[in-house]
Amino acid sequence: MSIFVDRDTRLLVQGITGREGSFHSRQMLEYGTAIVAGVTPGKGGQTFESRVPVFNTVDEAVRATGANVSVIYVPPMAAAAAVVEAADAGLPLVVCITEGIPVMHMSRTMPFVRGRGVRLIGPNCPGLIAPEARAKVGIIPGNICSPGRVGMVSRSGTLTYEVVNHLTRAGIGQSTCVGIGGDPIIGTNFIDCLRAFQNDPGTDAIVMIGEIGGTDEQNAAVFVREHVTKPVVGFIAGQTAPKGRRMGHAGAIISGSSGTAEEKLAAFEAAGIGIMRRPADVVDLLRSRM
Amino acid sequence: MNLHEYQARTLLKAAGIPMFEGDVASTPTEAEAIARRIGGTVVVKAQVHAGGRGKAGGVKLARNPAEAMDEAAQILGMTIKGLTVHKVLVVPAAEIVTESYVGLIMDREAQCPVFMVSAAGGVDIEEVAAKTPEKIVRLPVDPTYGLFPHQALRLAFVLYRDFTQVKAAARIMEQLYAAFVNNGASLAEINPLVTAPDGRVLALDAKVVIDDNELFWRPDLGVLRDDSAEEPSEAAARRANLSFIKLDGNVGCVVNGAGLAMATMDLVKYYGGEPANFLDIGGSSSPEKVINALKIITADPHVKAILFNIFGGITRTDDVANGIVAATRQFKVDVPIVIRLTGTNEVEAIRILEGVGMRALSDMDQAVQQVVQLARGAA
Amino acid sequence: MSIFVDRDTRLLVQGITGREGSFHSRQMLEYGTAIVAGVTPGKGGQTFESRVPVFNTVDEAVRATGANVSVIYVPPMAAAAAVVEAADAGLPLVVCITEGIPVMHMSRTMPFVRGRGVRLIGPNCPGLIAPEARAKVGIIPGNICSPGRVGMVSRSGTLTYEVVNHLTRAGIGQSTCVGIGGDPIIGTNFIDCLRAFQNDPGTDAIVMIGEIGGTDEQNAAVFVREHVTKPVVGFIAGQTAPKGRRMGHAGAIISGSSGTAEEKLAAFEAAGIGIMRRPADVVDLLRSRM
Amino acid sequence: MNLHEYQARTLLKAAGIPMFEGDVASTPTEAEAIARRIGGTVVVKAQVHAGGRGKAGGVKLARNPAEAMDEAAQILGMTIKGLTVHKVLVVPAAEIVTESYVGLIMDREAQCPVFMVSAAGGVDIEEVAAKTPEKIVRLPVDPTYGLFPHQALRLAFVLYRDFTQVKAAARIMEQLYAAFVNNGASLAEINPLVTAPDGRVLALDAKVVIDDNELFWRPDLGVLRDDSAEEPSEAAARRANLSFIKLDGNVGCVVNGAGLAMATMDLVKYYGGEPANFLDIGGSSSPEKVINALKIITADPHVKAILFNIFGGITRTDDVANGIVAATRQFKVDVPIVIRLTGTNEVEAIRILEGVGMRALSDMDQAVQQVVQLARGAA
């Protein structure tokens, strides 16, 4: 079992003919993902890799193919608009890989997305992968993952791969790996994923990979304490990062969003989350708790 | 991107916000001219991206134009926290009746711009935030609607009783919001917002931070960047499209991905070493990026050993290997390099490295332990 | 009994110190309406007519007095902002009397109002009055109304008074009279009022006063046919109005919103609504159906 | 407020929409100059707020500048549906490949701007709407977000297949939406939107209606009003802040409130009369307004009797009574006046009228019956 995607996932790729979009679409197809449609305005009528029909608009693609998830690989300045187009077409899940979207674009986009009852994952994230269902939506390398019962949620990209790699090599498979993205404003946060993993009968334990900045991990820890009965282990990257280099001004400080590693680890501790000191710790820590 | 105070003043002034007069000077003579124009006592303030300018002697009072010239001569060229002062701001030493704080920040949790205002403004606002947070009123703004007039008014009533001042402050809230949105800011701050003896409401100090992601399509804002006000290696890295922060250790790090880069620094520390930098070469890394990264890191004389930690996903590890080989051909690297590569095209990468007598590890812990030892041995 | 307002109505007046606001607030107080607060920015701390405290903001007024309905008498250019302020302060019912608000202002305001779950009546309307509860919110003259069991809903102002006057003189009292306003975009339409009257145990029959233009009366007729079991009688003003004088262009015609009197009367007929040929017909028509 | 075609063209052009060239002329010489500048065959079009200009001879083809001057001389000064032509628009007689319809209207039911586009544009769009409404695609726009890029694109794909034309049309959709919002329009229409033989997408005819409520704070739009293009009595009424529409009957009506005014007209008809006008004096009516209303109505030679129907709510009936008395003192009213007054201050009002020998009824039906009889007797 898995969260957010499964064997019924019918994927649409926005920006399928672009450089990034075409590269990763081939990877997703290779992994076994059911890509049913692509969208690139002006390229409607073409066929991608001799099997995926390309449409001019998302609306048209959804009506023609019954796609139920969209993944977005369009340039930063058009990406928020692509999210809106997907949400407007009624897709219940939209995954935005694009990095570099102005935060104000996302701030304007989120109320629309929420108003349509759409789940957005990202932006600036590696997407998600459900190994058992062979559903890869995004850029997480399929070859490092293996089917299993550990749920993984992370703000990071390559650090996630590092941890997943440890799991797979130790014979611990994953139900779903979700990269929620590192941008200030994201559609799906730790709590959303924790709730889904808690409710997923295919998940027995959860790995959380956080970073310094913000309060999302602290809030997640409180959620774990109150609502998660499955074992959770966690890591915070940036323990040695210099403080206040990016936001060292009154605004960040008085808004209380500095989010140091110490604060986050203390919150993990208080919630009974197993703390990984090194990425490699994930294996032993999970084994001791499952 | 942090703006200088004088640049922030210009942006807010353009948005219509009434400012205490004042201007920026690059030479003592310019400072004198500004002081003469203002008349009376002025303050001469160093323009560098560093806190604690006052304590470092970068903010001085001058009672007349001649003193302003002298103080400017002292401050210009001064080094504050490693940054050279190239510009000073000259403003009137205002007679101030009240000092308030008005800040607007893009808030992660609220997912929207949030106003923070307090009647207890000025230099102590951070202490107010820490000790009496109830004195700071927060108001989230839905960016689909913008700041409503009644919200601007409510914020203004937090600061003033007199209705003329309330209306003036409400207008400033609207102008600050407009400046924030139109300039793609992640922070816009007036501290203090003051009342003059004649009752006028004016902005004294301003701070604006621009969202870096806006700069791609806003070249008009990009030109405000002042490379000279930054750590030179960081400016060079930014021009090479590398995300780089200089630190004080001796283990140079080249990593793909910000999270893995931080985790690598953490692991260096875990094994008893000290990272010399944070460096993320990003996802689609070309050999060129690797060359630039090595150039920047080797320019730091403190660096005693260098670690590459690459987990190939989008990043092709063979690109990185090619970059390392090309760099070592272009210039001599005097310190040992430890390479950890795994993922996309790793077989090809290892072949490339072995072709020039280098070898690669596949385990991150092992690689970090090795580089820490090498750095310690060299130190 | 009544709809929307009753004996528990605690009224707040936005613009209470203005020319219109102060005049009508006196009238409402005289009628017996419980005005608990007024709002005029900059006049906070004053007292209106020695009994109503005035505040600077609606938020402050609501927190201090527990007001649960607001009525707005502010100039057209500030009126939509006043509606938003009231909705933002959590008032569940807002009545906007102001005439001359740009339609675009209302088009932008309605999504916010709906998002907050607020009922807006108006703008450009005479408000409403519940004679039994002595609750008058707006400008409908209290002396022409009388307590009773007929619900009245109208797009018009003085034409409503004309019809109410006939009822009162004939000894037929009203449960509530609601003027929904004649602007293109209004917060509460005929159907909203018909539903409320249908559900109100204090209402036995309903009078609907419509006008030419738009399709609101036609939609209301369909609603009456399907959902209203109480007798309904209706009038359409403008049967002799020249066609297409205001909107005689392709846009209005192809958007299908011309809304002639014939169309509306035919819809009434089809829904079994008793048709008043003259305002005076209301009395006999109601008597024949109650 | 209806704008002339040439004014609508100016607004849309200012919004960046590519237009077929062309300009407005007030004299035949100006028309000739424009035709010369354009070159080739042109169309000379009367600028009046009336439909059926073509059939009335207000739209003519001219093959050269001299013919354009002749046609302009014919059309200028012509009367179309009672309105004198003061201006003509001179545009190229375009060679057109396709004609589409693009309209944007503030929709009552959707409570927001709604786009209507159809590939079957041109003069027959109303017939298309009536007979094949499925050929018109409707798209509501949430004004809190504005027109999204994907919506503009979707509308454009309705009209064109060629992607260059699609992009051009999508841009026009966005520009039309911006023009609509920024000018407080209730309608903005391009009909037809055409493609030229070289593939360009251009607006040929434009129609814009401005929301009258916007004019209070948009004097820049108010100046576009062309009084001369309107019925003179209606223009006079508007200047006096009266809502007035001239009709063809002989019973003048002065009423407070639009609904009651329409119901009064209906009742006149019901009792066998013919209303001469719609006139709403509004809520807070001063005696001045009553005087102006009587002036405008008595200027119509067809009016044989006048009815006042006033239901006092906000309107004080004594103000109206004073206005009637003052008017009859200022100028002689040759036709009989029937007055119906009830509501606020009616006792005082009746006293005022009786003071000059006039009397007032309290029942609307009775008053209407009386005025219809008087008008019939006089006719």
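The first chain written gets the first letter, and so on, giving A, B, C and D; residue counts start at 1 in each chain.
Heads up, the rule we're going with is that contacts are C-beta pairs under 8 Å (C-beta built on N, C-alpha and C of every residue); 3 or more make two chains touch, one makes a residue touch a chain.
Note that the structure is predicted; figures quoted are calculated from it, not measured.
Annotation: A-B is the more contact-rich of the chain pairs B-D and A-B, by number of C-beta pairs in contact. Centroids of subunit A and subunit C (each the mean of its C-alpha atoms) stand 49 Å apart. Distance between subunit B and subunit D, defined via averaged C-alpha coordinates, is recorded as 57 Å.
Spacing of subunit C relative to subunit D, judged by their CA centroids, is 28 angstrom.
The multi-chain contact residues of subunit B, meaning those touching 2 or more other chains, are 144-145. Across the assembly, subunit C contributes 108, 112 as residues in contact with two or more other chains. If the chains shown are joined wherever they touch, the resulting network has some other arrangement, not a path, ring, star or complete graph. Of all the residues in subunit C, the ones that touch subunit D in their complex are 76-77, 99-104, 106-108, 110-112, 126, 139-141, 144, 154-162, 165, 182, 184-185, 209, 211-216, 219, 235, 237-242, 245, 247-257, 277-280.
Residues of subunit D touching subunit C in their complex: 51, 101, 103-109, 111-114, 116, 125-126, 128-129, 133, 136, 138, 142-144, 181, 184, 186-187, 189, 191, 207, 209, 211, 213-214, 216-217, 245, 247, 255-260, 262-263, 265-270, 275, 278, 283, 311-315, 342-344, 364-365.
Listed in rising order, the residues of subunit B touching subunit D in the complex are 144-145.
By the touch criterion given at the top, residues 41-42, 56-59, 78, 81-82, 84-85, 88, 108, 112 of subunit C touch subunit B in their complex.
Those residues of subunit D that touch subunit A in the complex are listed here as 145, 148-151, 153-154, 157, 163, 166-167.
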